[in-house]
Amino acid sequence: MPIFDLPLELLKDYLPTRDEPADFDAFWRNTLDETRSYPLEVKFEPVDYGLVLQDAFDVTFNGFGGQPIKGWLLLPKQRMGKLPCVVQFIGYGGGRGFPIDWLLWSSVGYAHFIMDSRGQGSGWLTGDTPDLYAGGGNPQTPGSMTNGILDPQHYYYRRVFSDAVRSIEAARSHPAVDPARIAVTGGSQGGGITIAVAGLVPDLAVAMPDVPFLCHYRRATELVNTYPYKEIVDYCHAHRNKVDAVFHTLSYFDGLNFSARASAKALFSVALMDEICPPSTVFAAYNNWKAEKEIRIYSYNGHEGGSSYQGIEQIKFLRHLWK
Amino acid sequence: MPIFDLPLELLKDYLPTRDEPADFDAFWRNTLDETRSYPLEVKFEPVDYGLVLQDAFDVTFNGFGGQPIKGWLLLPKQRMGKLPCVVQFIGYGGGRGFPIDWLLWSSVGYAHFIMDSRGQGSGWLTGDTPDLYAGGGNPQTPGSMTNGILDPQHYYYRRVFSDAVRSIEAARSHPAVDPARIAVTGGSQGGGITIAVAGLVPDLAVAMPDVPFLCHYRRATELVNTYPYKEIVDYCHAHRNKVDAVFHTLSYFDGLNFSARASAKALFSVALMDEICPPSTVFAAYNNWKAEKEIRIYSYNGHEGGSSYQGIEQIKFLRHLWK
Amino acid sequence: MPIFDLPLELLKDYLPTRDEPADFDAFWRNTLDETRSYPLEVKFEPVDYGLVLQDAFDVTFNGFGGQPIKGWLLLPKQRMGKLPCVVQFIGYGGGRGFPIDWLLWSSVGYAHFIMDSRGQGSGWLTGDTPDLYAGGGNPQTPGSMTNGILDPQHYYYRRVFSDAVRSIEAARSHPAVDPARIAVTGGSQGGGITIAVAGLVPDLAVAMPDVPFLCHYRRATELVNTYPYKEIVDYCHAHRNKVDAVFHTLSYFDGLNFSARASAKALFSVALMDEICPPSTVFAAYNNWKAEKEIRIYSYNGHEGGSSYQGIEQIKFLRHLWK
Amino acid sequence: MPIFDLPLELLKDYLPTRDEPADFDAFWRNTLDETRSYPLEVKFEPVDYGLVLQDAFDVTFNGFGGQPIKGWLLLPKQRMGKLPCVVQFIGYGGGRGFPIDWLLWSSVGYAHFIMDSRGQGSGWLTGDTPDLYAGGGNPQTPGSMTNGILDPQHYYYRRVFSDAVRSIEAARSHPAVDPARIAVTGGSQGGGITIAVAGLVPDLAVAMPDVPFLCHYRRATELVNTYPYKEIVDYCHAHRNKVDAVFHTLSYFDGLNFSARASAKALFSVALMDEICPPSTVFAAYNNWKAEKEIRIYSYNGHEGGSSYQGIEQIKFLRHLWK
Amino acid sequence: MPIFDLPLELLKDYLPTRDEPADFDAFWRNTLDETRSYPLEVKFEPVDYGLVLQDAFDVTFNGFGGQPIKGWLLLPKQRMGKLPCVVQFIGYGGGRGFPIDWLLWSSVGYAHFIMDSRGQGSGWLTGDTPDLYAGGGNPQTPGSMTNGILDPQHYYYRRVFSDAVRSIEAARSHPAVDPARIAVTGGSQGGGITIAVAGLVPDLAVAMPDVPFLCHYRRATELVNTYPYKEIVDYCHAHRNKVDAVFHTLSYFDGLNFSARASAKALFSVALMDEICPPSTVFAAYNNWKAEKEIRIYSYNGHEGGSSYQGIEQIKFLRHLWK
Amino acid sequence: MPIFDLPLELLKDYLPTRDEPADFDAFWRNTLDETRSYPLEVKFEPVDYGLVLQDAFDVTFNGFGGQPIKGWLLLPKQRMGKLPCVVQFIGYGGGRGFPIDWLLWSSVGYAHFIMDSRGQGSGWLTGDTPDLYAGGGNPQTPGSMTNGILDPQHYYYRRVFSDAVRSIEAARSHPAVDPARIAVTGGSQGGGITIAVAGLVPDLAVAMPDVPFLCHYRRATELVNTYPYKEIVDYCHAHRNKVDAVFHTLSYFDGLNFSARASAKALFSVALMDEICPPSTVFAAYNNWKAEKEIRIYSYNGHEGGSSYQGIEQIKFLRHLWK
């Protein structure tokens, strides 16, 4: 059934009860304190991939646990003053690829910071950042979704979200970047990280999550058969006695809880036939978003969402704000 | 079987007998004469998609039958003198999309001309050029591959290859473009058109076909079950008495015959696990290429081929020639 | 889920709001006037396929735009007086095939007229009628469903439904046929055309649509993942900004609107597990049928519906009327 | 959709109307009388598969129609007094395999009797019992589900359920077995037979059906696309005029009707994502169970259900009763 | 790979060693003697399905074991003298359906006798003949292919081939049929039975097997993954120790051995992309055919083969012989 | 194609060149020295799962890097003297499950030691041993196969094979176990580990690898599309420039190189239709095995191989040696 989730009329008001642990804020305060106890040590090294309209830099900074995280920074070669900066997070399984894969935002005149996802980057775009972490893991299903899932302290996305918060600080540290004009964005997992960062970094200007992942896990696992949410199903399928522990851990990482804390202006997108990140999970995040917000709805699309159509919407959205 | 075609050692020397009709050159001479009997009438209209590093133009020129064909031209906003120009053809089912989909070659400092594929552009990137043609068609299988397939005069690719030849003329007509430094490129169908153009336009500098389609049809239809080659199989499946007519028509459109006429320097790519454009059909074109040539081989890839890895190879290839 | 649509109790009363443009009747009046401005010029040429119980004729008549349309006429060799005539339309992708594919209705003692579907006939039974039409097309998804879909004037089924109306006139023109006893029939697309003809030709005696297609498009595209309805989904998937235009065009071609105008006695069939033409779209047409009607319901069938069981029902239905 | 059936809250109270023929009890009384008119003639022949902790016996007894039925009996080699006995029925398509496939219950200290399923045993575990029956069959779909389905007297499961009742008598006849402490169990088809036996044998102590099959046929055939229930769909699909006859026959073999007669203590299991034996059909049987009962619910499992997790539950259940 | 079998050049000479048991002829002589020990008792009862050009009869005759076998006989209502008769056998899973499903050969002027396949007829066309046989079966995989496969005496096709031999006698017994002009035909399983009958009945005039099944079993099971041959694979998969017994039984039923005994004029068909009845197994039968023969080759077809194209070839073939 | 690999005649002599690094022995000597630098510290803690014929122990010992590794030990409760011990390794994705999952070898009278696979055990049987390892990883494809694949020091199987060598020492340390009579076994990954251990532990008595994995990687990745070998393909697919590094690492972990060093008596199994561990990769290991060996061949099986049939072969093999 192409329309397998709620009809649009109900999606627009869909506001399920959030499952939020009492110590959610304390957990993240401690996590970020611990992460920031390591020096950031950003490095921007120029690289030559043949681009003549952009300056491209190989970025390294210290993320969770002080582990070096890779990224790219692209700047318009012709620039004046400090630039707004788009910080981008990557979809599940992808890595930072090459600078030639990320030409949009610099061509539009902004700084563009792309953060590698630790441990990922062997599915499509290649990555350069391993996930160096040994403590307290559990046997897991293949992939990242159940890595450390029995304990919020050890869960994979605790490290990723912390890296992402640090990536904002890394982007802001560059002299060409205007720290007051940061937009975070990304599709799918990148959209989920976008929401998390918006809930964890109080002074972001803009968040643009596309067809975001990492929201409303329980419903997602009961509604769709698709990976990556299905990694959680697979885990619960094998570990029949760990279901409660799994969803307790996930409550610290649910986009709904981050949305409820966000203060950035938001431009969401959702696709009504998206079987990877079903529309009710996206609307559950959108409807919980605390700040000013808009959403673009794609009626006949799956997880590819708006693609370039949404890119054009995002350009307009930022130009309207920052022109 | 991931390696389903000939082993690499045999591919390197694979040179099957070409099926070339006696009037191949006359057919194409007449076709292009007829096409050129219409005025080219190129128009370049500036468009604003928010790009600040590039000038973007909506292009219209007259192709086969004098029908208007759409395209984009992107130029580095900062430029000096006449630029080399990369003319790009699009993969099967795609259209010209938007200027923001095509930022690579202008970012590298070249003019970039993208030609829309008539009648296509509803599969992934959207197109804006219908295929306005009524005469002499036959009932066909869905898609473009068997459109007019019973008669070379009416075959779909007669129109497309003619459009493509005209697109070179359109690109060369722009004052910012250096007519002596034209590179044609494209992946899959775009690679097949690249080869055709290289066989039809005598003074091209460079051709860079990626995992090209439209080569060695008979072998392809007997070797792979995949679309779009399978459209031909489907047609022969229904029209059991038309098999000879089909392959006679296709002999006028086979990349092998264009390769044997090409004079441009070539950079090919091939993927050894490509089930859409099987490696033997690509090597059959490559091994027939008359001029100087190189090929990049991707051992564990399918039809996605080298993707950005090949992009980097192409950038190096052109910089080496034109630096 | 085998029963994926509404339960039978609700289907029986399912009467959704029809989306009917104000100029529906004018559009079709103009279309048929334009079609009839060309002379019909029916030709019946005897052919020999070895049949000894039937006379078989290769039929040609002028359809939409004056284009020649092919067909077959089969008559019982032993006949007396004017015969009732069954006019048959063909399912999606098929063509008129051969006279030996159509022996039922002449064996039952009726004239049998089979109309080829322009442009189709390369999927299963082969066709002999191209779709000679150039004006105003748009890039489309493979297949017929989105051919000209941005403008009702250019939409593919405008031509087909016009051909079908003319086929009735062609059948009636044969001296062996009793013009007052015409039954139209067909399965799937053939059933959709049957309904359209019943809405456009005021003096038909009988319509027997089997598991009809081309009804209640919007619901179909939201309910099933299957082709051919999915061609429309694919188009809207790519052309995200054309959804309204698409469904506006389709409102001129929706079986529900033709049903509401039909005056022929009807025998429908529907299959409750039909994922190609879902039962609610069939009942939406059936429940809108203005004239006398019956429906046969197949509980455990998909799009094959009743097959020979329904054939037997149809024979009984006609014998009851015309004995 | 992983959760495709009713939500758990509704499942817990799901109690559909049972379709029970008036002569249900008479039918089974006559059937068992007829079966018992043949002498049981149990034979236990020791076999050596290398086991040293168990005594293994090749069992033969006369089932329905007096046909010899095979089985295994495993006893702990070290034993004292009469033992409780677990009688096990096998899932669809499997056979009795080898003694080394059945080591659990003897290792736990019980006698273990495994009954072969006549005619099955070529799918996974191999069987040794043909279904020797000629009278009154009908053309059927491949598999057992529609074997004789037009007449309750000839239906396959009449023979199997009768064999199963006799297998209890066979198990009880062994001197090491305590006839008062019989538990029947099995997964899927084995669970369905377990329920049937519990409804047919008045003095069973325990029944432990796992994810049982053979319950609530009509709903199953309308809810899931999976075999073996789909064999019934396939039959009705072909024989469009036999639907009522099919479900009339099945009403004599529906687990819901046996549940309503059961007096044994029951431990069920159900999996909420089970697409073979959907949870509503299992709860329909469970909620109808007349005697004391418990159920274990597996939220993220399909037809594999609890597997060893359920095995551990069963061991605890029996130890609690029989310690 | 569409062409997965030998290339056509090798197929034309493909003549593998036949696996023929020494007592092949004795086995069949005894089988037919035993079958003929029951009286044939043919009954032809007129039925009314609304046909006016044909006389249709419901046929019953005694086949193997004296069991009644159903069939249809269709005769041109207008006829003179004794007619040639086409005896048709049905593809796997199908049954005799209805007279309206079989109108071709009577429309061409011949008698047409259709034999029901015992036990089949619930897959597509429905059947009316059960397989009443109890003795000596083995647990089998679903379907007919391994029914009794451990012993040639009990193998399913022993019964079917015997029925088929008797069906010739039944056809010849009708006064309208010319016993000297019998053609046997059928597609797939019907083609396999055609070959068997041609090897068992010495005075047949014509055999027209289409894409025949039941030939060269061992190669088929090693070459294709498709049912029905895969039923044999499934059986050997489970019963790992019965592989030799299986193929010994099948050697009595292999089309290659019947071909080598055939004296009728043959018209075969084969499809080079047929994954159900792979072309090498068809050519193995064709190349072994002892008598005069022709074959039609369909290059781009699968198991549907030539369909109506082959029908036209058959009509021409018979008209040439019998005009 | 069911038989997709070499024919059996060629498999029997298939002995491809082994790709063995010069420092293979040094690498493993250093690895085991480093592993043994941690104390073994085996613990056997009795557990009660209701078994009365066996004593079951929860085992913990220190594996690679001194990390605690879990396992089970089952002993016949009735035992005399020191017992032979079967050490079992687990298939890919599985974990040690529960003692009730492993009843075979104790029932046959042997000690049975099951080693958990670090990091695995969320696919089917659940595991209890994480893979606590942080240093030098690389972004990887989901699963274990490319964990650390760019450097033999960091490759996942360096840790697993070291754990497995230590598991032998752990088993031998139990007073009920006869250290001279150790058999190692396992299916698939368990078979691959079996071969590795046989190459690394000089004084093993018996090795019984079933359908072993982890052999002849390059051929496997070019021959089959199936996981887990496909994880390597996926990695090379993304990391196009790392293919040589990948296969260099794998050369330290290839079963062929371990086979060439093995001194234990071996009983292999292979399935000719195994698309997970293709037969040529198994025969490549078998044909390289240095010591006395036998193999059981399953002609019509896939990766399930002989299952209980092979279990029976293994029991006979060990009884013959140790009776």
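Note that the chains are named A, B, C, D, E and F in the order they appear, and that numbering of residues resets to 1 at the start of each chain.
Rule of thumb we're sticking to: a contact is a pair of C-beta atoms (placed from the backbone, for glycine too) under 8 Å apart; a residue touches a chain by one contact, two chains touch by 3 or more.
Computed from a prediction, not measured in an experiment: that's the story for all the values here.
*Asks:* Spell out the chains that contact chain E while also contacting chain F.
*Replies:* The shared contacts of chain E and chain F, listed by label, come to B, D.
*Asks:* Can you spot which of B-C, A-B or E-F is a repeat of the B-E interface, where more than half the contact pairs line up?
*Replies:* E-F
*Asks:* Considering chain C as a copy of chain D, what rotation angle in degrees (nearest 5) results from a C-alpha superposition of the former onto the latter?
*Replies:* Between chain C and chain D the superposing rotation measures out at 120 degrees.
*Asks:* Give the label of the chain whose average Cα location is farthest from that of chain E.
*Replies:* In terms of C-alpha centroids, the chain at the greatest distance from chain E is A.
*Asks:* When the C-alpha atoms of chain A and chain D are each averaged to a single point, how far apart are the two points in Å?
*Replies:* From the centre of chain A to the centre of chain D is 50 Å.
*Asks:* If you average the CA atoms of chain A and of chain E, how far apart do the two points sit, in angstrom?
*Replies:* Between these chains, centre-to-centre, one finds 63 Å.
*Asks:* In whole angstrom, what separates the CA-based centres of chain A and chain F?
*Replies:* Roughly 39 Å, centre to centre.
*Asks:* Spell out, as numbers or ranges, the residues of chain E touching 2 or more other chains.
*Replies:* Correct list: 125.
*Asks:* Give every touching pair of chains, nothing left out.
*Replies:* Listed in label order, the chain pairs in contact are A-B, A-C, A-D, A-F, B-C, B-E, B-F, C-D, C-E, D-E, D-F, E-F.
*Asks:* Show which residues of chain A lie in contact with chain C when the two form their complex.
*Replies:* 1-3, 273, 298-302, 306, 309
*Asks:* Hey, which residues of chain D end up touching chain E in the complex?
*Replies:* 93, 95, 118-144, 146, 234-235, 238-239
*Asks:* Which part of chain A faces chain B closely enough to touch in the complex?
*Replies:* Residue positions touching the partner: 49-54, 76-78, 97-98, 100-101, 103-104, 106-109, 125, 308, 311-312, 315-316, 319.
*Asks:* Inside the complex, what are the residues of chain C that reach chain A?
*Replies:* Within the complex, chain C contacts chain A at residues 4, 221-225, 233, 236-237, 240-241, 243.
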